[in-house]
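Working notes, beginning with the structure itself.
As written, the chain order gives the labels A, B, C and D, with residue 1 at the start of each chain.
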Amino acid sequence: MGEQQDPSADEVGCKLISLNIEFSGGLEMLFSNQRSHRIQIPVKDSSEQPANVGFLVRHLCENLMKDKRKDLFVLEDRIRPGILVLINDADWELEGEEEYLIQDGDTILFVSTLHGG
Amino acid sequence: MGEQQDPSADEVGCKLISLNIEFSGGLEMLFSNQRSHRIQIPVKDSSEQPANVGFLVRHLCENLMKDKRKDLFVLEDRIRPGILVLINDADWELEGEEEYLIQDGDTILFVSTLHGG
Amino acid sequence: ANKSEVKLSLEEYKRYGRQMILPEIGIEGQMSLKRSRVLIVGVGGLGCPAAAYLAGAGVGTLGVIDHDTVENSNLHRQIIHSTSRVGAPKVVSAITYLRDLNPHPNYVPHVEPLTTENALQIMAEYDLVLDCTDHPAIRYLINDVAVVMNIPIVSASALRTDGQLIVLNNPPGVGPCYRCVWPRPPPAESVVGCGEGGILGPVVGLMGIMQAIEAIKIITKNPARDIGRTTMTLFAAYGASPFRCLKMRGKKAGCVACGSPERVGEKITREGIEDGRMDYVAFCGGRAGMREL
Amino acid sequence: ANKSEVKLSLEEYKRYGRQMILPEIGIEGQMSLKRSRVLIVGVGGLGCPAAAYLAGAGVGTLGVIDHDTVENSNLHRQIIHSTSRVGAPKVVSAITYLRDLNPHPNYVPHVEPLTTENALQIMAEYDLVLDCTDHPAIRYLINDVAVVMNIPIVSASALRTDGQLIVLNNPPGVGPCYRCVWPRPPPAESVVGCGEGGILGPVVGLMGIMQAIEAIKIITKNPARDIGRTTMTLFAAYGASPFRCLKMRGKKAGCVACGSPERVGEKITREGIEDGRMDYVAFCGGRAGMREL
């Protein structure tokens, strides 16, 4: 499990939220071949808006994704077609998609749809 | 789901704990053919001891079990051999068996071991 | 659905006894199974166990469509084929096996690919379709025809050591369809097949068996259909918690297949499929005009 | 374990290619599979799919033990038998199928019940045992012999629409054994078989396939064994959340089979099993002296 920063960090402008990030269906191969990551992100994005899933996705691309093939995860600044996003095991469409405001302790799962048989 | 009593009941001597009780492997047939029950039990037993799993088992026998064949669930005042008890999905042996003190919101699962193949 | 009267012979009572005594099935359920007509599209890693257990359970009509032939490299996972049938059409090989497992069902062989030309005609003969295929293009085709025909889809897929299962268009017009969940196809370069990615045999087998279980539940209408509760099951053989049950979105009002899209011209129709306006291969990023799915 | 050198023929490379390209298997894993010797006890609803996928995967030696013959009422779930083989010993029927699926493994037929007299001698030839049986008495026998022989057990069971799976004595001497989890047998009147209780075919099939997956993981040592993390998987086809992963107890210091019981005389030994001191049928509430399990 990759841990980042001190969970008690609570200085001005650097309050953090702890999250479980999970990858499935092959996406884990883009993220150090690791299915489960425990990470922390700032409670607010650079424009002082509360962190939402859109911000999280950018954060993952910039900080957690080591693979260069960003377009296997994000296309035109959005999650690429064929990837499902689950917020605490519920389809993100039920939760507001990119606009969902991340809560401390949330589990966000990214699933690449499989087609083999 | 069977509901009993008011969750806010908080009179002297009648504070209640809410629990999820689940049955699997055929045990559900002894409990109205229902796999999942949401029940409430007193926080303390009749001798003013905090409710533990031993007390819960007696409570289930007396209150939730409609089937007359008590010995398919309890033998000599203990869970009969062949039934596993899981406290929040962990073997009750890891949690202190009958002595485990029940917490509000716990899920207690009773599994009858299967032998067919 | 074919609502004609069916009867069970003494031999069938004996054969199905162990499942008929289940309250979830019963005699009524067994009759429903015998009345049902199920199409299995693709008799590979998913279709093999799905076909075996549905034939075993006594589905009345079992159609199997595949244009492939049995290869040696299939046999670690495609367990109703055999070494002695390498080179034979998979459909023929499958039915050889199935008929010896249970002679009672009516087996319908379709030794051809499912295409925009034949899909409507073929799927019109069935009440339920199992999507056991291996490419997004054919998955969209199966979806669009199943929506037009009002039949539910039990869809599964597997790759490497992972599997996914979802029941779509169930009940027809109520549950989400494949396009509700995946409105846009994945970029062609992100699609990996079992040939390139590899596949662990019992992983795809597990997903195929789960399709058989879901098919039996739909056919016997038990549980009575929960409207709008669609879940997707993930399996990861090497995951810390191998099974995961995800709560999925419902039917989308604007879906081009099962809904009413804002631009009426986008609505997928029987005619649009039949006259070749829908190019599934191009839609999924393949060469336009290629019909082979 | 048999550590002799094995080689893969070109035909085997082709046949197993789709699983060998998985990083979880690889050439090393395929060699381990070929070197492994697996015993399947009971070739019924669990043993059929377990045997099919393990044979498909290229296990080197696959032993099958069962004293039963194929019946019509088996075929809705025992999918490697067939109507034309009704009346044949299940072991013979199974190996007929398995050899045509994959001719490479060495199949060892044992057309007899597993008993206190033959269990030690038979199980000595294997590195891993799959408990695909249907009665607690034989489950205790398999356990005790596997503990004495230092081999892991992949144990599954199914009834009606539910299934259970647990890996025991893995690694040998470290993980809990059957008696650690179930020190006392269930009262005889609480034991229900598939004949009385019924069984949905693909439910027991699912459990058998899961046994094959666990067996492959153990044989290929991937993941490297987590010491003391034993889980039990529950499946309920009609449950609200069909799969459940339970965290189980570890090995018990005082276990009469795998531990050091306080009363030394209680310790189960090779000699105790061989000379008939252990009466498994009586232990499980059956008629004492009855040897048929």
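The criterion applied here is as follows: a contact is a pair of C-beta atoms (placed from the backbone, for glycine too) under 8 Å apart; a residue touches a chain by one contact, two chains touch by 3 or more.
According to UniProt, the chain labels map to these proteins: A, B = Ubiquitin-related modifier 1.
Please read these numbers as outputs of a predicted model, since none were measured by experiment.
Just count the C-beta contacts per chain pair and the biggest one is C-D. We define each chain's centre as the mean of its Cα atoms; on that basis chain A (Ubiquitin-related modifier 1) and chain C are separated by 32 Å. Chain geometry summary: the mean Cα position of chain A (Ubiquitin-related modifier 1) and that of chain D are 41 Å apart. Multi-chain contact residues of chain D (touching two or more other chains): 160, 194, 197, 199, 245.
Pairwise, the chains that make contact are A-C, B-D, C-D. The residues of chain D lying in touch with chain B (Ubiquitin-related modifier 1) in their complex are 42, 44-47, 132-136, 139, 156-160, 162-164, 181-187, 189-194, 197, 199, 204, 232, 234, 236, 239-240, 244-249.
The residues of chain A (Ubiquitin-related modifier 1) lying in touch with chain C in their complex are 24-26, 35-36, 71-72, 75, 80-82, 84, 86, 89-91, 93-94, 109, 111-117. Every residue of chain D that touches chain C in the complex is listed here, in rising order: 11, 14-22, 24-25, 49, 52-53, 56-58, 72-73, 75-77, 79, 81-84, 100-103, 160-161, 194-195, 197-203, 205-206, 209-210, 212-213, 216-217, 222-223, 233, 237-238, 241-243, 245.
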